[in-house]
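Since the structure comes first, as structure tokens, the remarks are kept for the end.
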Amino acid sequence: VNILVINPNSDARMTRAIGRTAERFAAGAYRTECLAAPGAPRFIETYEDEMRTAPGMLKLVREGERRFNAFVVACHCDPNLDLLKEATAKPVVGIGEASMKLASMLGHAFSVISATAGSIPNKLALVRAYGLESACASVRAAADGDYLRAARLALRRDGAEVIVLGCAGMTGWDGKLRKALGVPVLDPVVCGLIVASGLAACGAGISKVRRYGAGG
Amino acid sequence: VNILVINPNSDARMTRAIGRTAERFAAGAYRTECLAAPGAPRFIETYEDEMRTAPGMLKLVREGERRFNAFVVACHCDPNLDLLKEATAKPVVGIGEASMKLASMLGHAFSVISATAGSIPNKLALVRAYGLESACASVRAAADGDYLRAARLALRRDGAEVIVLGCAGMTGWDGKLRKALGVPVLDPVVCGLIVASGLAACGAGISKVRRYGAGG
Amino acid sequence: VNILVINPNSDARMTRAIGRTAERFAAGAYRTECLAAPGAPRFIETYEDEMRTAPGMLKLVREGERRFNAFVVACHCDPNLDLLKEATAKPVVGIGEASMKLASMLGHAFSVISATAGSIPNKLALVRAYGLESACASVRAAADGDYLRAARLALRRDGAEVIVLGCAGMTGWDGKLRKALGVPVLDPVVCGLIVASGLAACGAGISKVRRYGAGG
Amino acid sequence: VNILVINPNSDARMTRAIGRTAERFAAGAYRTECLAAPGAPRFIETYEDEMRTAPGMLKLVREGERRFNAFVVACHCDPNLDLLKEATAKPVVGIGEASMKLASMLGHAFSVISATAGSIPNKLALVRAYGLESACASVRAAADGDYLRAARLALRRDGAEVIVLGCAGMTGWDGKLRKALGVPVLDPVVCGLIVASGLAACGAGISKVRRYGAGG
Amino acid sequence: VNILVINPNSDARMTRAIGRTAERFAAGAYRTECLAAPGAPRFIETYEDEMRTAPGMLKLVREGERRFNAFVVACHCDPNLDLLKEATAKPVVGIGEASMKLASMLGHAFSVISATAGSIPNKLALVRAYGLESACASVRAAADGDYLRAARLALRRDGAEVIVLGCAGMTGWDGKLRKALGVPVLDPVVCGLIVASGLAACGAGISKVRRYGAGG
Amino acid sequence: VNILVINPNSDARMTRAIGRTAERFAAGAYRTECLAAPGAPRFIETYEDEMRTAPGMLKLVREGERRFNAFVVACHCDPNLDLLKEATAKPVVGIGEASMKLASMLGHAFSVISATAGSIPNKLALVRAYGLESACASVRAAADGDYLRAARLALRRDGAEVIVLGCAGMTGWDGKLRKALGVPVLDPVVCGLIVASGLAACGAGISKVRRYGAGG
């Protein structure tokens, strides 16, 4: 099994960090490659950023169709996920969807720690689209990058029992936070890999009837 | 990673079939063991059956706490799942919850093929408890064990794009049905393993604050 | 009409208190008997407690089938309710379900006062399972047993208009709180009796087709 | 306890039938009186009918405030229920709300048999307002007054396990249908009495804070 | 196009204010007339007020059927809306429904500023009836008529992005608040006109099959 | 008021038809201009089509910012709506959202007639995103372009009371269908204009705090 992890932004440091997490987690059981979408903007913060990175993401999937068994979209707002699901019959997994659905299996409710306050409404729209309204205690922004404090507030005030790191850029912080908080903390990149590698291994992929029927 | 797959019923043939699927899917990447719950009834069809198998399931988790890194409940009605999640801080994964949440990532809507008509209301209650109402096209019983016919009706009439095998006893039928139907077909035992092994590998488990806080 | 009120725990003082409430409320219009489930744990606080009390509860229903016209489960977390509904065609009423559904007819929204913070997530799951999300203003724990204070906060901050006592152990407190708060306060044991005696009197009971079809 | 059952229409035969059901069910345990709303239209089929009957219904509640301990609105579309709840601190129970909420405790899903096809959308709006979407299998009109046939279709095609008679005019048909169908069949007038008499007996009534705070 | 704006209360100053807003907004593109419902109470604050104004509102629609092309109900609690929709095949638009549905197209979530705390539960019931639960951030009462402060709290604490003036009596305040807040502020009277005039212009009106089939 | 109607596809015949509808409906009360997105694909049927048309649509909004007071996206699947809402503080209205929200004010439930079966899942996802699940009776594809037959089935079998034409290409068919069916039939292009012109006239536009805060 060979998995392509797509970083929708062009931040090289983030691509490397995501790649390291992927390799370490795969641990030789399967291969992973992390590539930034060609022509991607520096960050994915706006709907326009999502649009600008779409053609590059699609190109990676199209060209990787033969070589890879599954694709992971390594941005927690799951940009262009429908587009890529349409483009291939291989599994395409958004780390937002994967991390929140896995989190819902580990406790009564999870909270998402978001990098910026501006992304909260969009994340809430995803929560609703994925049917996770009652499983999601809150989406909280980490002011000044203080993830720990945001997570503590989620546990104390919002009734969260599980924490989801709401940005690919937070990859690698799960262990430290888990120790400090004493609750499960999910690294979304890892969650994407769990689902993508598992589905690829069992031969399942995106359904090509109706909704995503155009390609693949 | 070492995973205990718990068959809540005492059907030896089913325990073996589930065990074979698990071993074949793990393929050496991690170890799996499949055990029937001691004192389990022959089948799990009623709420009383679920009650009768509870003490044995709990015993397996308690005694396996040290030896195993995760637990899979290999019955699609997820019997006693809250009980086991409470009993340990390791991942405990119901194959019903895992298969339906994974299915929701592969298409617009999935249908569950159930072994008997009698289990349909209970499965619909699970669908609702898991927040999957809009992702679930239907739960259909396979009259006379004709899974293929039930799945075809789900695709044609209910708008399903993905099929979930709704009974551990159907394990191994996914490949054959996928070929016949041309859509993804999920083996729930495999889905349970994907989630359990993945969570165990990344060090996440059941949250011990609030809802499942009593044990583990 | 003769109603068996089942106390799922073994606290004799609580069994007596529940029994007194039942007798006083029935006031001779029908007979009530309150029995603790044989082999029950001291309190019902965990899913394991629920499991341990299940066989005794089932025994009471099975053996009482002839003698009683209806059964009330006198614990606000409605433990093993599906199991007992399956076991008989007589009415089986959980005091959690009955009290919250009656409360929803008396005002825009109700709040449940819970004995412990630990039971809040489980109660929220019941609220959702019963379709009462928009009718439930909040579930609040009474720190240090101060029900009055918890209820006042529910009225002031959560928009509650009706209070539900969320524990059989609070039985008898409704009058005092009603006076202090000036809003309806429901004793869940009484609510269970209202529904159970009424259904028994009109000859209705648990449906034996599909979901609870196995017994009775 | 003395309960006023309000027939919102002026059909004398229906008032008598409802009154008979009420007396027979109360069986001396409490007193009931059934009165038609003064100035009521012949039938309640339209929103205008609901408007025309409102002043008379309000008059009955206002003038009966001292004499009666609870009020039942004996029309399954629960006309002017908010208005009456506002007018008194005694219990006011709509037979639509009471019958459907009681039905939801007896099986996985209920169906309402409606007298006319025209009332289906309005009943569906009530189902949603009461949070009963997942508990309601269907609302079916009885073509040519053939309740039995409509109920059979509900059981066979819609997955209903419990039948609710969706019109006060059907009062008294529950026993016959129960025998023919083998499932619980609820007479809504009886359901209204169960809830109203029970709430009156325990001293609970409509909350006078916020939503219904204007009167009573 | 000629539109009748119905003020359900008898406050002459409010009728004039609503009429001025309507004329100014129509700006000659269509004609508007604002009439108080004959026999209306001074204010619409209770369900009884809604009942008292119903016959006058119905009379205005019946008598205006020929002369007017559409009707606007100029009270944000949409009193008797079903009644009027039933009475005519012309468009009948409640300013509550129109303003909240338009607001949902301008941002992630809106808040309603209510004139009194007492009307909050009723407005929340409307929000739910209209399917706007996830689009509505909050309903907030303006203590002492300080709309600006209430709106600021909605933006800061509730996550609102759009403000809806929740009372016809607030008509004309939108411009001032928009300037002070920097977000869209909707005048509900204007919203009602937008929808009513638009629907009238394209020849659409209330459907006369099923739910509102009795009249018109 | 000057409104830009954007056709996201490059079909010149459709651009002209949409433009004609817009001009005729505006009838001189405001100006409209209909432009195809530069570089748009021939049709918008896939997520890739939506991606390909995004840059051109954005360009039209950016360049039209000064000249136009509002923007209408004239494709019923509301492609790239979030993107355009983010790009300007003027109103941006999708004809899918506008037509379905207006339809929900004219009857109990509406059905959408879709041009192709393939677009049904995507439309259902929109229905859910807009909170219209209970207002939408069904989405039906018109086999062989027979809109009338599809609409008749929606009325007879699905309980629809209002019909929404689910494709900009169906513009102009509303009058003919209304006559044949006897129920309201909404032309989505007209609906988009009603909302866009109305919002522009009252000075409201897309909120620039949080969700769509990046531009405009």
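Think of it as A, B, C, D, E and F in the order they're written, each chain with its own count starting at 1.
Definition applied: contacts are C-beta pairs under 8 Å (C-beta built on N, C-alpha and C of every residue); 3 or more make two chains touch, one makes a residue touch a chain.
From a predicted model like this one, the values you see are computed outputs, not experimental measurements.
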Which of the two pairs, B-F or E-F, is linked by more C-beta contacts? E-F
Of all the other chains, whose mean CA position lies farthest from subunit D? A
Taking each chain's centre as the mean of its CA atoms, how far is subunit B from subunit E in angstrom? 50
Distance from subunit F to subunit A - Cα centre to Cα centre, in angstrom: 31
Mind pulling the residue numbers of subunit A that touch at least two other chains? 108, 120-122, 125, 128, 133-134, 159, 161, 210-212
Give the pairs of chains that touch; include all such pairs. A-B, A-C, A-E, A-F, B-C, B-D, B-F, C-D, C-E, D-E, D-F, E-F
Per the contact definition, I'd like the list of subunit F residues that touch subunit A in the complex. 45-48, 50-51, 54-55, 58, 80, 82-83, 85-87, 117-118, 120-122, 125, 128-129, 210-215
Using the touch definition from the top, list the residues of subunit C that touch subunit D in their complex. 25, 27, 29, 91, 93, 97-98, 101-102, 104-108, 130-135, 155, 159, 161-162, 174-175, 178, 182-187, 190-191, 193-195, 197-199, 201-212
Sites on subunit C touched by subunit A in the complex: 120-121, 124-125, 128, 133
Interface residues, subunit E side, partner subunit A - complex: 108-109, 134, 159, 161
